[in-house]
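Look for chain A in each of the two complexes below; its partner is chain B in the first and chain C in the second.
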Partner chain A sequence: MAVTRRLKRSVSFRVGLVLVALLVAFAVLGPVVAPRDPFTSDFARAVSPDEMPVGPTRDFWLGADLIYRDQFARLALGARYSLVIGVVATLLATSLGALVGVVAGYYEGARGVRVGRATVVALAAAFVAWIYVGNAPAIALAAVAIASTLPPIAKRAERLGGVELDADGVLMRAVDVLLAFPFLLLVMAIGAAFERTSPATILFVLGVTGWLGTARVVRAKVMQIRHLEFVTAARSLGQSTPRILLRHVLPNISGPLVVIATVSVAQMILAESVLSYLGAGMEPPTPTWGHMLFEGQDAYTGAPWLLWAPAALILASVLGFNLLGEGLRDALDA
Partner chain B sequence: MTRFVAQRLAWAIFVVWATASIAFVTSSVLPSDPARMVAGPQARPEDVARIRVQLGLDQPVWVRYRLFFRRLVHLGPAAEKAKDHETCGTLAWVHVDLGKSYQQRRGVVAILADRLPRTASLALAAVLVQAAIGVASGTFAATRRGRPADHLAVAASLVGVSAPTYLIGLLLQYVLAHRLRVLPLDGFGQTPLEHAQSLVLPALTLGIFGASYYTRLVRDEMITELRKDYVRTARAKGVSRVGVVVRHALRNALVPIVTVIGLDLGALLGGAIVTEQVFRWPGLGSLSVTAVLDRDGPVIMGCVIVTAVAVVTLSLVVDLAYAALDPRVRKR
Partner chain C sequence: MRWTRDAARAVAIACAAVGLGCAGELEPPVPAAHPDDPTPRRGGVLHLASFADMRVIDPANIADGLVPRVNQAIFAGLVDYDGSGRVVPDLAERWEVLDGGRRYRFFLRAGVRFHDGEELTADDVVRSMERALHPSAPNPYASFYESIVGFAEIQDKKSEALAGVTAEGKYVVDVRLKDVDATFLPALGLQVLRPVCKSAGRRYSDTWQPCGAGPFKLLPGGWDKGRQITLVRHDGYFRPGLPYLDAISWSFLVNTATQRFKFETGALDLLQDFRQAELLRFQRDPRWKPLGEYEAERQVGAESMNTELAPFDNVEIRRAVAAAIDRDHIRLIRPGNLRAAGLPIPPAVLGANPSLPGQRYDLGAALEHMKKAGYPYDPATGRGGYPHPIRYVIYRQGLSEYTVQLLAQDLAKIGLRLDVQVVNYPSYLAITHRRGKAQMTSAGWQQDYPDPSDFLDPLFHSRAINDEDSNNVAFYKNPRLDALLDRARRELDPPTRQRLYDEAQGIVVDEAPWAFTHYYRWYDAHQAYVRGYKPHPVWTHNVSFSWLDRGPSAQAGLAPRGPSTVLGLLGGRRGAP
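Then we have the complex of A and B:
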């Protein structure tokens, strides 16, 4: 029970837990206790004498927004979206990252399919020929590439060296390629093409983009433990590889995985707020913190609560999950 | 070493090709109609169809894909702006052509060439700020480990990591531009002095965000280094406390930091989309946002390729620097 004791002692864990608990309470209870509808403008009571939205009052706990809707109700509903998107996107990204990381780490160093250099060069030449010349030379070069994999020729060409295509290499190189890809542009392009961005699009994009770091960390951890005695023992007892990965390897990386997932919720909430701030998030009138902040930034002289309320909520929730992850990391020694 | 360089170079080209291909295929399967955007919402169907033919959008995907790569790098006359090559960027006989922007009716290469220096100056300034703040505060925290100053630095860096860049940006904008009026609110300005003044806020914004990561990184590295035997030896032979920290420990701790700086610079060269948007900085980031909203395919492809080239080049440079310093890397 050393972990529980260390968690109780950790200041970051306690502060983080309080912040996250407050956020969850706000998301669950806020829309229920809010006296007003988040989508309805109240032109009678939300308009101040100088035609501005009213500030925080007994009626409007956190003031009214620029079209006289109750900001408390909108922020509370926004909290639900932020939390659900943060958690579900984390589940998607962390599972994908763990899957790729475990497979890559377990098979690191294993023999793969060897593709001779002659084949690689012929394939590249076929592509270049297709681009610049035409179909006929491209087909001819592709035929050369296929021929070079035939055993007698491949044997002769072996001294030229080549590329080893193993599970680990292919997966990690794919991570490298995706890291060079500007994903924010991809999301915005998808959103622009469908004229609207649904929660499913955002989850898909965050899930597809968020697993790269997880895969790298998990792979490193798996490489550390795969040679330990219990893994060797399980294998010599005849357990299948998927079973070993699921029953022996995965439980032993659960500590780091929990830490990664906690910090990832913070990053996902941050990413969602950036998307909606840029206008690539969920469509209005759906209340999202990022978009509310975007609308509030031009009104901060007349109605500063429109800026500080969403800003404080974003900061507090991201900080809360980050602190929680920090405390868990120290306690689990992950 | 030559072999190592050749392998890494081939890989770099492959990554750029793969990224460009993914982006091209993605943007052509998306159900958006650039012709409709160019023609405007009120246009007659036959005009939209005519524009679609003009832009070559009536062709199948594979034909456009082939044309795109054939144009991207090709040979042509060495003279500047020869006929049929007015949208090309030329380097002797080697031409780079990304086509014409649907919206701006200019060559994409020329548009990117306008924007790149601005994004590059922002990226450099931001990396300088984050390295300076991060190394100073990380070293400071590590030498005072467990004391209030250390806790303060760690807490501050955690808040910095948790704040989105637009939040930091708006805060700086409010304090330095709106209240104190010492810096311009946003934009780019007209004269070189105004450019420099406009650069300060976005660079600080990106720098403060990045410095939070660096503080933690430098602190962890420094704590490891300060525990090592050579530090005790140096102290024993009479080197001052500051001398040990700066000349011995920090020098060793900086090696991994330099890697991260290189990779960060590569990422920032693709354009800091959010920060450029907050400060209306006319770089690649804000260009790509406009391009996406306008369905300006050629410009989007240009931005994707510049980003990929920047990331790949800087990671290549970092790898080669490592290989030059450490012979063990080359053998792998």
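Then we have the complex of A and C:
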């Protein structure tokens, strides 16, 4: 009950909750109450006498866009896309991050598999060959790498020394490498690899790039928890590792996970907007806030509502989820 | 109320930071010092800017859109275009057409000096032409001159010399053609074959310091790549007393909002890179309206239909599309720049005939064509139409991102559904120029030289079809049209030629490999003190012979300025550019 009381007292949480609730209401009800279709131009009513889109009027609540469609209807539909993408991408990323973090944290310090130096060198050479030379030499080198793990060869190769690969080391070094890329650059590179972009590809792009921070935090938490008495007890009672992870470890990191996920929704909404703004988002005529912002900046001096409306919505939603996350963190941490 | 001032400044900073520019009353134009005196005055530096950049200055490698503006000031050609697009003498005093149109003899002016002081002679003309057409030059326009004898040989490296171009004495150049070619002279007006100094050598090199015989020269260090270039007056220019300006300066990669503010304060003298809303404001402000003018329309936009792929292998479907597009609606996307189009050749191009019947919006006729095509569509019930979605390819963030959305709405009314695929520009080129890839795409063409052949031959002649890199993106093939275009190319009699091109346009309009949608026209605004400037039908911002009439208090960046500009709100130093 203490958590609920602290949440009620938190200004951040309350403001965040209101903003998010308004956003959800806008996304759910907006397209229903919008008087016009978001995809149809209205040249009879949306063109002002000086041949620009009309501003906010009784007919067009938030004005018309550059090809004379109802801006309100498009923003509301855009809100649905933004929210769904934000939430689903967060679910994907958080699940992946939690999985990697739990495994890495639980096995941290455990013995790994010893791999001969010859294997490592051959694998590295195969990778370089794959990038710079071609598939055939890469495959040949990979075959050498696999062959070098076979017991008779491995025994001889042992003289060259080797490295120990453990789950934690491998996973965390992978996270380090991926984190070394600028996030947006990585997202755009993966986005550009798709011939076309749909909500599914955006979800995939954000989902596979958004889990890295989560994995690190979860790993640190799991490393604390796994030494606690109830985990040791479960292990000594013979419970299987997956069961221990699911029943004892995961419930104890749910607090930080919820906080991370809430803040992550804001990041995902922002990332989706940036992708759309840069032209790597969903294809027209799908309305996205980021693309509407892009369109609005060109018309700013003549039709400022085209810029301010999507900008305000992006700002409000990112602020809302961030405040909500902050409130949750304060309440759950205390 | 210090906080209100701070808040206003914060808003201004925010606007400036995101490159937007905030709405406010336009500043008045900076007046001319002697508006009633038509006598040109010498001196002054004219300032221009662009959001784009350029990489190389060389007539033999015109790779960026900005280059012709700079080239036009540095290089003079044998011929040029006058204010209506006609070919007129320049370095050549006159020319003769011999052998029934197979040989051109150019008589050069004597005593013309290059920027390095050397005299320009017939040998320089021959050397420059060979240099520009040799395959070592990455010349995108070389094919315009394929009718010159020896072109194929030099391109195939079978010869190092261009056999058809010879110096007949110090001041006479002969150009022999394989066949009569009415496009030779209009194409010669371009900058591609213009004489370059001896320092350019016989072969193209991208380390050469540009040097020609034009009215302005580039001094060493005058080009700060990616930022700015300044050209200074060539005192040895062959036209006495010209140019008037001391120098012309272009700034590059300047965003449109910055350009507008600089223009308003007189730190820029001409402006073309407008945002749409700004353009409409300048056009509607009575103080600025007299100082602005449209350039000639030399760009056509269209929807290209691949005539080799279903459903556009059916001419009735193409006719239906051409009739279904409401071009007035497309114009409203950018009313300041677009004009509804129905013909392939923009009205301002020499040889265009705006009186021809073009494609036009007629929904009833479009539905009728769908019926004839075998795909009747009932708008009331939404039944019928073409059953499959049509793959439409565009590139990101261009005008076509908007036009396609209106197109999709229009085509839905006749039972055609678009499946829009947005790709990056290189992918767009790769997909649309390759055989059998895209059913439909946005297309357009901009005039290279003012002649109808420049629009019809590269776009609709079957010779322009190629499996991998087709200019004819509709893959349209019509022997009757091919024959007409070939005849017109060889026809030297202007009225007969006009008739042939009119007939050719009629075929293209009727068979609709492209549904023409709009002509794009640029708008130029200039400060009141910029005198003698008029938009040219071929050359953008051709300011070589303009002059400045600025009072001492109105030197660059010193124009009086009210508080409505961002710089004013920022509390910037008065007069800072």
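Rule of thumb we're sticking to: the second predicted complex is superposed on the first by the 271 of 334 C-alpha atoms of A that agree within 3 Å, B and C clash if a C-alpha of one lies under 4 Å from a C-alpha of the other, contacts with A are read in each partner's own complex, and residues count from 1 in each chain.
FYI, a residue touches a chain if its C-beta (ideal position, glycine included) is under 8 Å from a C-beta of that chain, and two chains touch if they have at least 3 such contacts.
It should be emphasised that the depicted structure is a prediction, and the values quoted were computed from it without experimental measurement.
S.K.: Per the contact definition in the header, classify A:Tyr300: touching chain B only (first), chain C only (second), both, or neither.
M.R.: So A:Tyr300 meets both chain B and chain C here.
S.K.: Between chain C and chain B, which one touches more residues of chain A when both complexes sit on the common chain A?
M.R.: Looking at chain A, the partner in contact with more of its residues is B.
S.K.: Quick check for you: in the superposed arrangement, does A:Ala192 touch first (chain B), second (chain C), both or neither?
M.R.: A:Ala192 contacts both chain B and chain C.
S.K.: Once the shared chain is lined up, is A:Asn322 touching chain B (first), chain C (second), both, or neither of them?
M.R.: Only chain B is touched by A:Asn322; chain C is not.
S.K.: Considering only the touch criterion stated at the top, classify A:Ser41 as touching first (chain B), second (chain C), both, or neither.
M.R.: The second partner, chain C, only.
S.K.: After lining up the shared chain so the two structures overlap, which partner does A:Tyr132 touch, if you call chain B first and chain C second: first, second, both or neither?
M.R.: Only chain B; A:Tyr132 stays clear of chain C.
S.K.: Would you sort A:Glu272 into first (chain B), second (chain C), both or neither based on which partner it touches?
M.R.: neither
S.K.: With the two structures laid over each other on chain A, which partner does A:Pro182 touch: chain B (first), chain C (second), both, or neither?
M.R.: In the superposition, A:Pro182 touches chain B alone.
S.K.: Once the two structures are fitted together, what part of chain A is touched by chain B and by chain C alike?
M.R.: After superposing on chain A, chain A residues 192, 297, 300, 307 contact both chain B and chain C.
S.K.: Please output the residues of chain B touching chain A within their complex, sorted ascending.
M.R.: On the chain B side, the touching residues are 11, 15-16, 18-19, 22-23, 26-27, 30-32, 66, 69-70, 74, 158-159, 161-164, 166-167, 170, 174, 270, 273-274, 277, 288-289, 292-293, 295, 300, 303-304, 307-308, 311-312.
S.K.: What residues of chain A sit close enough to touch chain B in their complex?
M.R.: It comes out as residues 12, 130-132, 173, 176-177, 179-182, 184-186, 188-190, 192-194, 266, 270, 273-274, 277-278, 290, 293, 297, 300, 307, 311, 314-315, 318-319, 322-323, 326.
S.K.: For the complex, give me every residue of chain C touching chain A.
M.R.: It comes out as residues 18-23, 275-278, 280-281, 284, 329, 332-333, 335, 396-397, 401-402, 404-406, 408-409, 420-424.
S.K.: Along chain A, where are the residues that touch chain C in the complex?
M.R.: That would be residues 39-41, 43, 47, 50-52, 66-68, 192, 195-197, 279-280, 283-285, 294, 297-304, 307 of chain A.
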